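Questions regarding the structure given below will be posed in turn.
Letters A, B, C and D name the chains as they come in the text, with residue numbers starting at 1 for each one.
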Amino acid sequence: MTTLDPETLADRVRDGELRLHELEEYADADIATEARRLLLTAETGADLETVGTYGFPAEEADSAIENMIGAAQIPMGVVGPVTIDGGAASGEHYLPLATTEGALLASVNRGLSTIDSAGGATVRVTKSGMTRAPVFRVDGVAEAFETVEWVKANVDVLTEAAESTTSHGELLGVEPYIVGDSVYLRFAYDTKDAMGMNMATIATGAACEVVETETPADLVALSGNLCSDKKPAAINAVEGRGRSVTADVVIPGELVENRLHTTPKAIAEANTRKNLIGSAKAGSLGFNAHAANVVAAAFLATGQDEAQVVEGANTITTMDAREREDGVDDLYASVSLASLEVGTVGGGTKLPTQREALDILGLRGGGDPAGSNADALAEVIAVGALAGELSLLAALASRHLASAHEELGR
Amino acid sequence: MTTLDPETLADRVRDGELRLHELEEYADADIATEARRLLLTAETGADLETVGTYGFPAEEADSAIENMIGAAQIPMGVVGPVTIDGGAASGEHYLPLATTEGALLASVNRGLSTIDSAGGATVRVTKSGMTRAPVFRVDGVAEAFETVEWVKANVDVLTEAAESTTSHGELLGVEPYIVGDSVYLRFAYDTKDAMGMNMATIATGAACEVVETETPADLVALSGNLCSDKKPAAINAVEGRGRSVTADVVIPGELVENRLHTTPKAIAEANTRKNLIGSAKAGSLGFNAHAANVVAAAFLATGQDEAQVVEGANTITTMDAREREDGVDDLYASVSLASLEVGTVGGGTKLPTQREALDILGLRGGGDPAGSNADALAEVIAVGALAGELSLLAALASRHLASAHEELGR
Amino acid sequence: MTTLDPETLADRVRDGELRLHELEEYADADIATEARRLLLTAETGADLETVGTYGFPAEEADSAIENMIGAAQIPMGVVGPVTIDGGAASGEHYLPLATTEGALLASVNRGLSTIDSAGGATVRVTKSGMTRAPVFRVDGVAEAFETVEWVKANVDVLTEAAESTTSHGELLGVEPYIVGDSVYLRFAYDTKDAMGMNMATIATGAACEVVETETPADLVALSGNLCSDKKPAAINAVEGRGRSVTADVVIPGELVENRLHTTPKAIAEANTRKNLIGSAKAGSLGFNAHAANVVAAAFLATGQDEAQVVEGANTITTMDAREREDGVDDLYASVSLASLEVGTVGGGTKLPTQREALDILGLRGGGDPAGSNADALAEVIAVGALAGELSLLAALASRHLASAHEELGR
Amino acid sequence: MTTLDPETLADRVRDGELRLHELEEYADADIATEARRLLLTAETGADLETVGTYGFPAEEADSAIENMIGAAQIPMGVVGPVTIDGGAASGEHYLPLATTEGALLASVNRGLSTIDSAGGATVRVTKSGMTRAPVFRVDGVAEAFETVEWVKANVDVLTEAAESTTSHGELLGVEPYIVGDSVYLRFAYDTKDAMGMNMATIATGAACEVVETETPADLVALSGNLCSDKKPAAINAVEGRGRSVTADVVIPGELVENRLHTTPKAIAEANTRKNLIGSAKAGSLGFNAHAANVVAAAFLATGQDEAQVVEGANTITTMDAREREDGVDDLYASVSLASLEVGTVGGGTKLPTQREALDILGLRGGGDPAGSNADALAEVIAVGALAGELSLLAALASRHLASAHEELGR
């Protein structure tokens, strides 16, 4: 291969001799990336200098992007440390967050600091499983019924086919759904420390071949939206996807007053009227204040799939005043994230800044036992979300949301 | 102010003399950022070199982050150009996307290329308004009724109060909702080229003061979740938030076969069984394949709020075979994003790589007329989502989803 | 017309000379009804004596049923009286209920009696409007946009067309929604004392003709499911359909203990964990215990459309302990029914037992002013639902649900 | 017991010596019923003659109602017969329907007649299980996790406790859900020919006692709304409750044109734009035209719980044109009711007119094998719903909905 320089590559694209995505065939990844910037600058006038100052060899991103021109730089900060009593995470943890929303880290940090002063948060992954649900065409309900009966009786056969494609993943179960002449099979997998979407897709593809061979069903689409990936769907909010994780804390009333400048009852009232009743009236699947903020910022920092923030928003926040024997109210606060999809291996976690962020957490790569790193990551993010809820609810209860944004925000 | 060096700052935090968020008081932003990295490296063993190689002065991010340690670098690429017939956008546009999901840009680009060959996409912003919905406490339904009657009769008074806080924003309307002794008022604003969340919050805060003065209602929380921000809520899917935008295209049957290697009928069937019926069975508010992928990647590239990807997923995709007079089927494809929240001024759009990405689009800063840049950005993203839907549905219809991921993915 | 006897008619149907629905052409309604019973008895062995002992001339039901064979007899009871402070209803009201669910009336009556002892309930219709939403086909988003712009600019023209079909109804507004090449127009009407579904359908039909004439849009279906009639839909739960009505009461703590054998805090806790958090986790549009029970039973008694019980279930129940100055907790309880569709004229309200039930309420026929009878009916039903919620929550809080059913139930 | 006459009883109630619900202690059920009518007539002026002409001894209704005053008479008609190929139902069936909605039976009958001409409908119960989901209070997530682990490991113990309360019911499984300090356990039962709500409640009550004894969890409410009974909830639409049943038919194109006066493509288009896309945009859990109409009318006729019409509306209707080899399009039509709750024993099925209606179906009482009668009832109702969908969609497609109502309706 003759390596061409960026200017020549850009010219050839402009002349129609090459297409944008073919440049890596004629130069290394960094040159190709530079060529695209040159082309875009010429065509749009955009100065792309900062986009071009990424801190790693472009070829390290070749499984993450095509038509690369550089990198978006999202400010990253850190909150914590906070003490965590988790099923997988334990002890003190910092949490790196990348965001462009001013005041977010300050808010989460205030919450974490309060939680830490209260002795830390408790958190558990209560359910786990990455899903993929293909849709099949059948002739009608009689064939649908027959197909589903076969599936129920042959889970072992499907398991063998599915697991033949993966060294780590395990098929946890298959749930069938019939709608007219469509059959949906929701496969759930233990994908260990990987978020697992691709593993689940590939394994399900192998299982589908068996279904097609053994039943009258024809595959229409490897994803039939009962998975459901990157869409706001009740099936995820109810049954979970990825990790279902709950975090909670009891904050002594004195701390609530001194640190959050309000009372447990005022926070509980704000939570009930806003997060429970307000969300109910809104027809929502998210009964929280801004869990997505923490999920999104943690996902960006640690290389998770940013579009899966959608499922991360399927979160219920509860806040209650608990009267102690001495008559003082403490605050019980919890968040339950139904469908948090995270991994510590594969995908964006392999990228340089993302690896480093996982190192801050001590959770890069596969855990021991397998799956424990991803469990722990889910737990830390949940505690971060709990802190964000606490802090925002307290701010609302004490009415300084707008002014906080005025000071710190855009 | 005596400027301290990073090592000293890190030591003082470790010794408990300073707190993490106070460092900017003793050094400039870059030094403070370096000090935090030193501290984290010492405490966690993490090497944060790449996180520290951000390409701009740290103080440029001071309204975007606290406790800054550097930047997450998300690979950015570009797709297009594609011809767009929009209400605000027109002509050829490139779309920058930042993601860690391999194969995404290749897929979107395939879709855009097909759309472009079909003559380009048509797109319109069909509704617009950023909302904020405070919740008030009243004594009961009689007071609730009284409060709402006052609000309905005094929209002009509320408008004056709200608009006194902003030079750009306009109050479009106030929608009241009563649930027991809670009253929710959903304020909607034209926020021009800003995404507008803060503008709406501040303006609503001013209006709330009037409501509290003139009615028996007491403000409980400036956001009562009928807004609804960063939660998957039907109110946004039905009534919209930010921009409601629809994009469509008719693709000649010949193109579908030659470029997408399938047929209009096969794509339409996959769309119906997956995006319509599958989503219906899943209890979903998102009737699409992966609109969130394009929304998330465009949001990251252009400095939008990454947690608002949640609302961007409230998208309905339709695909139909349209028989031509010569008997050949063409493909009609559309996406309707109910609640796409974007801006070209303020927030993350001011950051360096994000500004540059907006320059690729030619949409940085305020538009002329005001609001037209944000409208155009919404339109281009919608066309990107349309391309993503087209390409994925075609891939599913021709069954190479899993293998595409196997080749290109993680 | 020669009148035939029942046996002859039945024979002719059996011989294939007549069809079941044609019998009224050869005999009066009672004879035709008897003939069908004879036929069914002969063919299925069913003894239909009780079905045949309806208490009115069959022809009085001719606009309510076809292929009549008699009547279902649903046991009817009465609860109350209860004092109501409503927007339309006032003073003492009995509420007739028809049901087959043992223990329901006892439960509602216990609630009403408690409410009455607390001084009665307050209730208001807070929003009103019967909707019908046709769907139109357009060529694409450009035409959709054009159509919607025309509609917005010509509401007066549509109003004239719609109102030309009705002497009572008034068009309140038209809300447009665009999804790809489909345009939905949600027309809302004040239908006064009629439930108004037919009035709204006919008026909308006339408006649609204008839309088709003046815009490129073609009508596909007079109902496009954004109405949304007899389906569980967020649009109704959020925006209302028919009457939105809220009822509440404050019950002194002493009454809660003496009559409901529990405490305000215990009831509030049960409500929060069950009706708010439980419903949230269930992905529900109904945040209540059993509002549908009272709605269904009142609908059956008073001749409402029994399938619209679906929308009646879009109800949010709230319960809170309110601390008095003397330290005793009172109970605040409310129900907010978003979409209660009722009328006192037309439809089933004209039937004999249903008329009599409306007379018990003093709400038969048109009100003065028009609409006030239907408003009052909505208010009384809401108070009944409040009583049912109170009683069941209290029973759950004091744990005798199962035993109540064991004693009184099936 | 001295039996008092109606007038004396009414006087004593008026004088405050007796309460409305105590009359059966002083007279037989019919006298007590008459006394209440006398009282209501005196107090409200209502003539209750028809309400008083019920066709059975009042004491037969004593487990169905309290404070009885008579019966609501709902006109009952019959549709069919239609040929059914079901899992439990087979051969020809008439379907009795009770309603006050004019044109409904005519519409359903037209659909059934078309289905019958096409050879009949195919239908299967694809899932079955009556659920009850109590909510427990725990101290926090650690206890919640512990409780759920115990439950998963001791399903056999819970089964023994639950099944000790019933001679028929079988516990199918227990699904746990955690939200903060609340634990929900969704118990599912095979309740054979009973709808099974009470059986499930009582059995679950026994299981809860075990949970409370063996774990730290305290029962808050025997129903925690994850059941979910009589509320529009995604959990039922996704996972089913009672019977999940799908019915379908292929109608030759010729029949569609001759009998329904439209084309398969026109019906399919109306279904897609209305039932799929329109419902999607409405945030609906019901993707159908009016399944609730048939469910409600069949429920009233056969003594089902009228408030459970809510769950019956969780129905998805699909319609597609299927091209035959000769180029003619046939119509494929299906309905899938996710949560149809029916029984043929117990509850309202024991009442006289309701028993007779079940006799028309040949499905009164327990089936052989147990459960087969309720399965068959679900199947026949589903075919009725299919007919209703077909007929209404065809009417919309040929645009005579409004005029049909004008002719036949209110």
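The rule is short, and it goes like this: a residue touches a chain if its C-beta (ideal position, glycine included) is under 8 Å from a C-beta of that chain, and two chains touch if they have at least 3 such contacts.
Please read these numbers as outputs of a predicted model, since none were measured by experiment.
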- Intersection of contact partners for subunit B and subunit C: A, D
- Between A-D, C-D or B-C, which shows the same interface as A-B, counting it as a repeat when over half of the contact pairs match? C-D
- Message: Could you work out how far the Cα centre of subunit C sits from that of subunit D, in whole Å?
- Response: 16
- Between subunit A and subunit D, what's the gap in Å when you average each chain's C-alpha atoms? 39
- Could you give the separation in Å between the centres of subunit B and subunit D, each centre being the mean of its C-alpha atoms? 42
- Message: Please output the residue numbers of subunit C that touch at least 2 other chains, ranges allowed.
- Response: 177, 179-180, 182, 234-235, 237-238, 277, 279-283, 285, 287, 316, 318
- Message: Per the contact definition, I'd like the list of subunit B residues that touch subunit C in the complex.
- Response: 85, 87, 122-124, 126, 140-142, 144-145, 148, 177-182, 234-235, 237-239, 244, 246-248, 250, 283, 316, 318, 320, 332, 334-336
- Sites on subunit A touched by subunit C in the complex: 234, 237-238, 272, 276-277, 279-283, 285, 287, 316, 318
